[in-house]
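Once you scroll down, you'll see the structures, which are given as structure tokens.
Look at the two complexes coming up: chain A is in both, with chain B in one and chain C in the other.
Coming up: the complex of A and B.
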């Protein structure tokens, strides 16, 4: 007599493709939410991943939250539909904190604590096809750790390997003060991505990369001509983009209209967003979509 | 209180072991303002000693808590993680809050000091990560240093190797012993689990950890007081907050869940998965732990939040339950600390059987004690620890048998003695081991069964001469004396039987005293028998 055991098929993670139980909430391997794969299967469309990358404290969470909120509010002729409540958490978190004149909490390094957004997006008037876009809010520290020790944070490598467009945030305010930190981090990050995509030396990476000079409200000159600002203040970044990336554009952006400062003590001064005044948030995203 | 030093060292036989300081490499993982430390922002290793290698930095970075990583969000929060590093060393990371987050984005800065030691040095702390934290506290390095030099000096810590039995006793006294056994069972299987507690869970972790063989401890990762993250790779995750989100995260994954809070919330309990991802809602193994008291509000029914690893009570679990119920916390810690090489299920079964059989002597009667001794006489053990434990068992058995022989009822002497003699004849080593008990037997039997006593003595002589000449000499001499003292009351037939038995002695005392005593005994028997023949009617 034989026994037939009926096994429920495993579901592959959308990001790292590791098999998971069908009722799993997050991937056991990379901690990405399994809802992504379930939602993408339901849409019967291949989802496209756009990554928001940058150093810690550069403003990735605020930028992404603002972007999603603006898309949801049909800014720039976009129509955006979040797939599931988990896609709304980030923008709600950012908008809620800014309304309370606070920056949102730091994103933890642990990937299972990240916000992920899955949106269906289309131009309302142009009648273009719908895009399924997945945008995670990665921690800058995790990016830095993966760059320093490749494959230590598998989810980042998987994400970047699968992403079809990247928005690289660089702290323009710090760069304008003469600090080389933002330039070096961006250089390392693009060098890492060059390695991930591993094209031949005589070929350049074709994935579109939008370099966003954020916090440009602190250095308005970045708005005047982002390319000149980057070439002048972020020369290393400029050069690697020129050498290794075929599809790069530079933008300037800011999220807050004005900042106040609170001094808890002379060593502990923190900035407070007095009001939100998004500028240049949607343009990089729009450019990326046009390149896809 | 928890971080106070233990009162005594575990190995008093090695008093110098604890004196020499232990060289520890260290790293600090936190987020510092760029004004304090340039070259990067956010959570990272901001300072480290020279001996922290690149692969160790990677491991520490991957497992350390970042913003919001502590369950306790108050300024007084503390947490601990410990894990083996890929290079074979062991890392203990102690986390605290270090003031408000410097970017003003809310919450506390999490500050983690990671200490890296070799496996050999980890043993000098009793293979107990809490002892490393205690040593750190004693050396004054537990508090955050918010302006560390980029290159730290290695730490020289004075090892703490004892056991805070009061801490362990308090955990065991909380009424969750059965659930703790389930935790131990899961860790023995090297499977991950979540334990929901009311505090950081450091005391619970120490209690459970001390019940694991040291070899297993060295490859078991703990995370106490840290929000659950699969990136930490911890086997034992003690959490005290973020429970609902953690349950949701674990949905569908085979990770056991134990809720030990005094007042569990009313949230729906998660599906508990067992081995191979199948349902394993098995009640806690109360059968091995004796009577149990559940925390208030838990009810008397088996708790479905408790997942037992093994449906069949494991021998090691019986041992742990036995030691816990006897309050033998230091003894258990001492035993587990010694098991630093082999922690396989087979080794654990052998060890637990030896120890539990040793404990059986405390209530065993003579026949049961003899049976236990017989089972172990030919066993040498697979390693030094097993060898020593078997020796300890045999000595305990010998002592128990001696006591039994001294107090046995007269009508049972013959039966007990026959059994003892049978075992003692198994080998010269058995004879040597059981000689004290045999002496007690012969001493008691001499007055009751002289001939039999003499025969038993003959058997002993035959068996034991090669290895126990000195002891035997003493025994023979003593027997001759005892028989001489008791022969006055013997009948003629008894005397004849005694003389016949004495002629079977193939080994005779060598010492002048022994020979003289034997000669005197033989002479006295002859004289008494002659007297009997003269008194007999013609």
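Coming up: the complex of A and C.
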């Protein structure tokens, strides 16, 4: 493994800024791929980071994979070009699994095994100016571990500190069944972000946060009015958004049109996406871009 | 009664749905684009833009006080013809029977006897889980049921007519309401459909509402074998050809309203003419998934049964938001909870061959 010497100038990681040898594949400090900084240097512009955050099993990988694929298929006012094959792996993985009526496997805890997407995006509403965008597929478990023990997963803190917008996924189907789990996780996550940005008590975090009520195909009422749904079913989340975040909007989304189940054994029931029907996927992303 | 094998495009004799004139252009691609463009224009004009009132209710129809004339007005042609003996003494029986007969000929297309292969596995390539089934001749509606058609059912008190509903669903009838708690499809308001979507397929109806409507008009839902036969057109012949799509073997986004077509919503039921089956049945692929009169049964790769949170019925054909083209083919099987009332599931009617 090469090391940083006087002869080989160090390259700072795009995420945590730690120095790394120029031929390093991943950052020795946070495990983010060094291809991000190399691509960024090649483009001669600072990429923007939008984070997809949420609890484990909420559907971050599917959401992000579908979003990237839809952008690549020129949905709405967007054009998107992936920078390098590593940026395509995520969408290929998600699309391949959904087309075969399976959900993709869980994202591993280790950051060096996450998918990272580096895209060039053009958005007509912004005068079709191209900008670079990085969106990582963070593992929910890693996110939860970092929230519970801050600085245990430095890459997450660095990422959230650097990101210009966040898409917070909340399981609408579970929340609608009366479980407070999604509400508590979102509360903890936003409280953590409040600390990351270290905003004074009388100020509010300015970073735009799109709260996405996902899996809304199982809970169509979330589509009717996401704000009312959140206020009613996710009251803790609603209140912290109101008091600590200046720029929040609520959305509902789903990737699957119909869901079946298979019992692998009585204790292990697996969801089956019978067909894909993305709904509300692009709108939160579009809203974030409008806020930047 | 004679049913034309290739259904004509002329309007039915009675209470015709408003159709726009279509210029016939030689060449498939030109016609396909024209058809799609027309759908896009119709869709855009139908969608309320920002700042507009979100819901423009359809006007109320004045229904005839005479029951037979009212049935004709409600386009319950099959119901009229099935009950001929009941109306023989009616002063206008002859004229009304003739009109109903002609209208039914226009609206229903004959599908000849044939065969279908149902893949009973999530993995469609698993030949061990295929069922080969013979299908008797039947008729199927040329178009999915529109909001305007379903409005007549709502206006006639169809949700209160218990004979139309299976007894076990009666306790759920109070759940079949619109956005304002009136008995009607889910996305309507005050029991009225959005005026600009009158010729779009009705959505937000459960399987039971679809079946009740079909019964009310004297028809039924097609089985999934019948639906697949209509789309794959595997008629009895030496060649034994199967179509992946009603128009042929290659997906063509100009011929159907799926995600890749870019409309982002339903289109009028008479759009995408170039996607018609050989007997001129439109929109079997795309626009809305269609409820079928079959339970949804399928197994996974390990032959374990797939089940739903509640009993599921078959839906076929894909919808405007179907993302994967392989999931919008004549053989792709999917299911939905029978009580589900979603934005992308509608239906069309079928009947036994006369």
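Following the convention adopted for this analysis, the second predicted complex is superposed on the first by the 283 of 292 C-alpha atoms of A that agree within 3 Å, B and C clash if a C-alpha of one lies under 4 Å from a C-alpha of the other, contacts with A are read in each partner's own complex, and residues count from 1 in each chain.
Just so it is clear, contacts are C-beta pairs under 8 Å (C-beta built on N, C-alpha and C of every residue); 3 or more make two chains touch, one makes a residue touch a chain.
Worth saying up front: this structure is predicted, and the values here are computed from it rather than measured.
Superposition note: with chain A as the common reference, chain B and chain C can be accommodated side by side. Between chain B and chain C, an angle of 130 degrees opens at the CA centre of chain A in the superposed model, to the nearest 10. When the shared chain is aligned, chain C comes close enough to touch A:257, but chain B does not. With both structures placed on the common chain, the touch criterion links A:272 to chain B and to chain C. With both structures placed on the common chain, the touch criterion links A:224 to chain C but leaves chain B unconnected. By the document's definition of touching, of the two partners only chain C reaches A:99; chain B does not. In the superposition on chain A, A:137 contacts neither chain B nor chain C.
By the touch criterion defined above, A:112 lies against chain B but remains apart from chain C after alignment on the C-alpha atoms of chain A.
Looking at the superposed arrangement, the partner reaching more residues of chain A, out of chain B and chain C, is B. Superposition on chain A leaves chain B and chain C with their closest Cα atoms 12 Å from each other.
Overlap of the chain B and chain C interfaces on chain A comprises residues 262, 264, 272. Residues 122-123, 179, 186, 259-260, 289, 298, 300, 304-309, 312, 315, 318-319, 321-324, 326-327, 332, 334-337, 340-344 of chain C are the ones touching chain A in the complex. Against chain A, in their complex, chain B makes its touches with residues 31, 33-35, 38-44, 54, 57-58, 61-62, 65-69, 100-107, 227, 229-232, 248-253, 277. Listing the residues of chain A that touch chain B in their complex gives 20-26, 28, 31, 34, 55-57, 102-113, 139-141, 144-145, 148-149, 152-153, 181, 185, 262, 264, 267-268, 270-272.
Those residues of chain A that touch chain C in the complex are listed here as 66, 73, 95, 98-101, 217, 220, 223-224, 257-264, 272, 274-279.
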